[in-house]
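What follows is chain A paired twice: with chain B in the first complex and chain C in the second.
Let's turn to the complex of A and B:
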C-alpha cells in the first residue's frame, strides 16, 4: 500500500503541479518586493493560457504560443504598473479588475475566434516539446524524476536561481527591494523607484503569461474556460509562505504540489476524497504554525540577548 | 456681502436652537422617505406576481403561451457533456416546436443561482434547471412562481406540483460501461475519475463497478474524485495516477475536468470512456466509447408533455435503460472502432437481462 502512494510518480506529479505555481510566484514575488503585490496573477495566467493556445494554433509553433502569452502578460503587467504607479490606484482593485477582465475576455475570444464555448482542443495546437537529458537517462531513478518533462519545468528551475541572484547578489536587486521598502532612499541614490516598479510589474506579467502557456501547452494541450483554477492565488500563498524569497517560495510551491499529488494517491488506496481534499490546507496551517513559532522564539532569543 | 450674510445666518442658527429644530425636521423627512420607499417597494414586488398569474391562466388554456423555455445551468455551456446535452434538448425543441429559448448560465457562482432562476421564471412559463447545486433554490422558487413549470434534472423531489424532476439510472448505463471496460482491458485493472463525491456521481460509480465485476469478478477498479468539474489539469493528474497504477481504461464522469483524462490517455497510450454525450469525436483514438445520458432528450420530451398537458404534477420522471435515457455511444462509422460486434452483442445481452430483472444493478442515490 505504501508503495502505491510513495513512488517516483509522486515526485513527477509534484514537479508537474508545482511548475505553473513556481513561474507565477516568481513573478509575483518581484512585485511583492517592489511594494505592490499583484493579485491579478490569476487573470494573467488565464490570459497566458488562452493566448498560448492561440499562438500555437495559428502559427503552428509552441514557441510562438509562449511568446504571444509572454507578450500579453507584458501588456497586462504594463497596464497594472500604469494604474498602480502613475495613477495611484489601489493595487487590489486593479488586480481584481484584471482577473474579471481575463475571465470575460477569454470566454468572448474563445467564442468569436474559435466559435466554441467552454473548451477548445485541436490537434493543430502544438504542445511544448519534452526534454530528455541524455546524461541522466541511464540512471533509472533520476531518469524517472528529471527526464521527459516539458521544457518549461527546467526553465522554471533556472528562473528560480536567476531571480535569487538578481534579488540578492546584484545592485539591481537591491534597487528593486529598495523601491518597495524605502523609495526615498533609492531616489536619493539617484535611481528612479518608478522605473524599478515598472520593471517588477512587467516581469511579473511576463512570468505569469509563461505560467499560463505552460498550463495550456505544456501541462495540457487545450484551453478551457477558467482553466487557471485559482492557481494564481495559490502562487500568492506560496509567495507569502516563502516570505518572497525565491528559494523558499519555490519550496512552498513544491509543497503545495506535493500535497496535491499525495491527495490523489491516497484516494487510490481508499481514503475518502473529502479527507484528501483538506490535506493541502491542513498541511499549510501546520507548516505556517511551525514557521511562525520558530521565528517568534528566534526573535525572543535575540531580544533576550540584547538585554544581557 | 452675500458670503458674510450666510456666515452670520448659520452662526445664528446654531446659537438659537433653530438648528436643532431643523435637524429634527430633516430626520422626520428622511424617515418619511424611507417609509414611502418601503411601501412603494412592497407594492412593486406584488405587482409582477399578479401579472404572472394572468399569464399562467392564459397559458393553461392555450398551448401557444407555453412557447418559451428558459434553461438555467449552474456552470457554463461548453463542457461537451452534461450542460451541453441539456442545451441540445432545448435547441431541438426550438427547431421542432418553434419555441423561443433563452439560456441562463451561472458560471458556478452561487450568488447567481437565485437571480438567474428568477430571471428565467419571469421570462418563460417553462424553465429547465440543470445542476445539483439548485436543489434548495429550485424548491423555493417553484413555490414562489406556482404557474411556471420547472423541469429539474438529476434529482428526485416530490410533492411540488409545478416541479417535475427527472432522475436518470446512471447506474444502469454505467453497468454497461463497466462491462465494456472489463472486456477491453488487458491488465484486468480499470479506473474512473469522478468530478465530485456526491450521490449522482456515486451512482455512476456503483454501476460501473458492478458491471465490471459482472464480467470479471477479480478485476481491480480504482476511483479518484477530482473534487472539481472545471479543472482539466486535475483530471489529467488523477487519470495519470490511475494509468501508472496499472489501469488501462479510465471512465471519466467529471465534466470539463474529464478533458484532462483524455489528455492523459493520449499521452500514456491508454484508453478512456466518455460520459453524458457521445464524446468519441473529441479524440477517437483514445476514447473507445461513451456512456450517454440523454439529458437533452428527456428535457425535450418533458417540454412536449407539458405542452400537451400530459404530466403528473409533483412526480419524478425516471429515465433508465428502459426509457432510453441512458446507453452506450460508439461514435460514427468512420472512426476507428475498438468495440467489436461480439462485445456489442454481449452488451445487448446484458441490457436485456437488466431490463427483465435478471441482473439487479445496485444504486447509490
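Let's turn to the complex of A and C:
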C-alpha cells in the first residue's frame, strides 16, 4: 500500500497542485511587502477559474482563457487598490466583499450563461497544452517528475526567481518594500508609495487570476462551484510560513501542495484525508507562534543587554 | 452617550440607505442585461420574503443564524479583536449539540436541550479562546489565526461525521438524527421557523443591554477605540478582549446549535452556507450596532428567502443577491473615503469658483 502512495507520481502531483498556490502566493507576497493583506485572493482565484473557462470556451483558445482570467484579476486587483489605498477602506472587509462577490457572480454567470448548476464542462473548453522537455524524456526519473506539465508550471518557477530578484536586487523592490514599511521615507525620496501599492495590488490580482485559470484549464477542463476550495487561504498561509520571501514561500507552497496530493491518495485507499488537509492551516499557526516567541525572546535579550 | 441619534448617525443612515439603493439598482441592471424585468424580479423577491405567513416565517428562520453571528461580530469588532473565525465556531458548536442529542438520549426534554445549548456555546467559546489567547498573550494576528482555524474546524467535523460518528446505515456526510426530545418545535406549517427565534430574541436583548447599557459594554468600546488609553484608565484591556472573543465564539456556537436543534435535527458536513460570513457583513454594514444588526439581519434574511422565490418565479439565479450584498459592503467599506473625496471635490470647486469670481 505504501508503494502505491509514495511513488514518483506523487512528486508529479505535488508540483501540479502546488502551482496555483505558488502563483497566488507570489502575488500575495507582493501586496504583503507593500503593507496590505488581501484575503480576497480566494475570490480572485475563483473568478480566474471561471473566466478562464469562459474565455477558452468562447474564443477556442486556452491562451484567451488565461488572458481573460488575468484581465479579470487585474480589474479586481485595481478595485482592491482603489478602495484600500485611496478610499482608505479596511483591507480585510474589502477582501471579504471580493470573496462573497466572486462566489455569487461565478454561480450566477454559470447559470445564466451556460444554464447549468454545480459544474460546467464541455469539449469546447480548450485545455492548456502539455509540454515535454526534449532532453529529459529518455531519463525515467526526470521524465515522470518534470514532463507532461502545463507551461504554467515552468513559468511559475521563473516567476519565483524573477520576484526574488525584483524584491531584493532592484530599486523597484526596495521601493515596494518601503511603501509598506516607511511610506513617508519613500515619498521624501521622490517615489510615490501610492503607485508602488497599486502595482503590487494589480500584480497580485493578475497572478491570482492566472492561478485560477490553471485550476480550470490545467489538468481538469471544467469549472465547478467554489472551485478555488480555500487555495487563496492556503496561499496566504504559504506567505506567512515563508515570511513573504519568494524562495521560502515557494518552498512552503510546495510543501502544502505535497500534503494536498498526499491527502488525495490517502483518501483513495480509505484513510481520512482531513488531517493531511489541515496541515497548512495548523502549520501556519504554529509557525506564527514560533516566530513571535523568537521575536519576543530576542527583544527581551536586547533589552537585557542594554542594562548590562 | 445618549440614545438619541446624533447628526453623525443620521449622516451614516443616509449613506447606508444610498449604498443599498445603488446596489439594488446595480442588481436591476444585471437583471436587464440578462433580459429580465427588474420589476418582476424584485416583485417576486419581496413577495417571497414578506408575502404571507409562510414567507415571513421563512425570512425570520433565516434571520436567526445571521443575527447571532452578526452580534458575535459586533461584540468582538467593537472590542478591537477581530473574530473572523465564526464559521469554524459555528461548525463545532453545531457538532457539540448534535453529539449531545445523539448521546444523552435518556435526559428529559428541558434538561437535555439546556445541555445541548450549553455544550455548543462552550465549545464555540473555547474555540475562540485559542486565537484570543494567542492575540493578547503573544500578539499573534487573530485575523490570520481565525481564518486558518475556520478550515480546521470544518475539516475536523467532516472527519467526525464520516468516520467515528458515521451513521450505522453508512456514510451520509451527516450524523444520526438527534433524539426526539431535542427537537425545537416548529411554529408555522412547512416552514423551518422554530422556537429558536425566541432564544435569539432573548440573546439579542441581552447583548443590547450588555453592549449599550452597562459599564462592561462601555469598557469593550473603550478598549476597541484605544486599548492603551483604556489601560491607563485602569481597564484590563487584554482581559476585555479575551472576554469579547469568548462571547463572540459562544454566539457563533449557538448559531450552530440552533441549526441542529431547530432546522436539520442532525449535524451536516456542510451545515452552514457561510452564515458567519454573512453575519459579519451584517455587523460591518451597521458599524457593530446591536439594534442595527437586528434590522440588517432581517433585511439579509429577506434577501436570502426572497431570492429563492425570485429564482422559482423568474429563473433569475438566486446568487444575484450575493452580488448585491457584496456591492453594499464595498460601498460601506469605502463610505468614509467617498465622503472625504466628495468634500474635497466640493471644497476645490468652491475655491475655484471664488477664485474665478475674483479674477472676473
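Just so it is clear, the second predicted complex is superposed on the first by the 261 of 308 C-alpha atoms of A that agree within 3 Å, B and C clash if a C-alpha of one lies under 4 Å from a C-alpha of the other, contacts with A are read in each partner's own complex, and residues count from 1 in each chain.
Simple rule for what comes next: a residue touches a chain if its C-beta (ideal position, glycine included) is under 8 Å from a C-beta of that chain, and two chains touch if they have at least 3 such contacts.
Here the structure is a predicted model, which is why all the values come from computation and not from measurement.
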item: Touched partner set for A:215, first chain B, second chain C, both or neither; value: first
item: Chain A: partner with more touched residues, chain B or chain C; value: C
item: Touched partner set for A:87, first chain B, second chain C, both or neither; value: second
item: First (chain B), second (chain C), both or neither touched by A:174; value: neither
item: A:285 touches, of chain B and chain C: first, second, both or neither?; value: second
item: Which of chain B and chain C A:277 touches, first, second, both or neither; value: both
item: Residues on chain A lying within both footprints (that of chain B and that of chain C); value: 107, 272, 274, 277
item: Residues of chain B defined as touching chain A within the complex; value: 76-80, 84, 196-197, 222-225, 227-228, 230-234, 236-238, 240-242, 244-245, 256, 259-260, 263, 282-283
item: Contact footprint of chain B on chain A as seen in their complex; value: 4, 9, 13, 16-17, 107, 116-119, 121, 215, 219-222, 224-227, 229, 260-261, 264-265, 267-268, 272-274, 277
item: Chain C-facing residues of chain A, complex; value: 37, 39, 79, 83, 86-90, 92-94, 96-101, 103-105, 107-108, 111-112, 230, 233, 236-237, 240, 272, 274-275, 277-278, 281-282, 284-285, 288-289, 292-293, 296
item: Complex interface listing, chain C residues touching chain A; value: 30, 34, 82, 84, 134, 138-141, 143-145, 147-149, 151-152, 155-156, 158-159, 162-163, 274, 277, 280-281, 284, 316-317, 319-323, 325-327, 329-330, 333-334, 336-338, 340-341
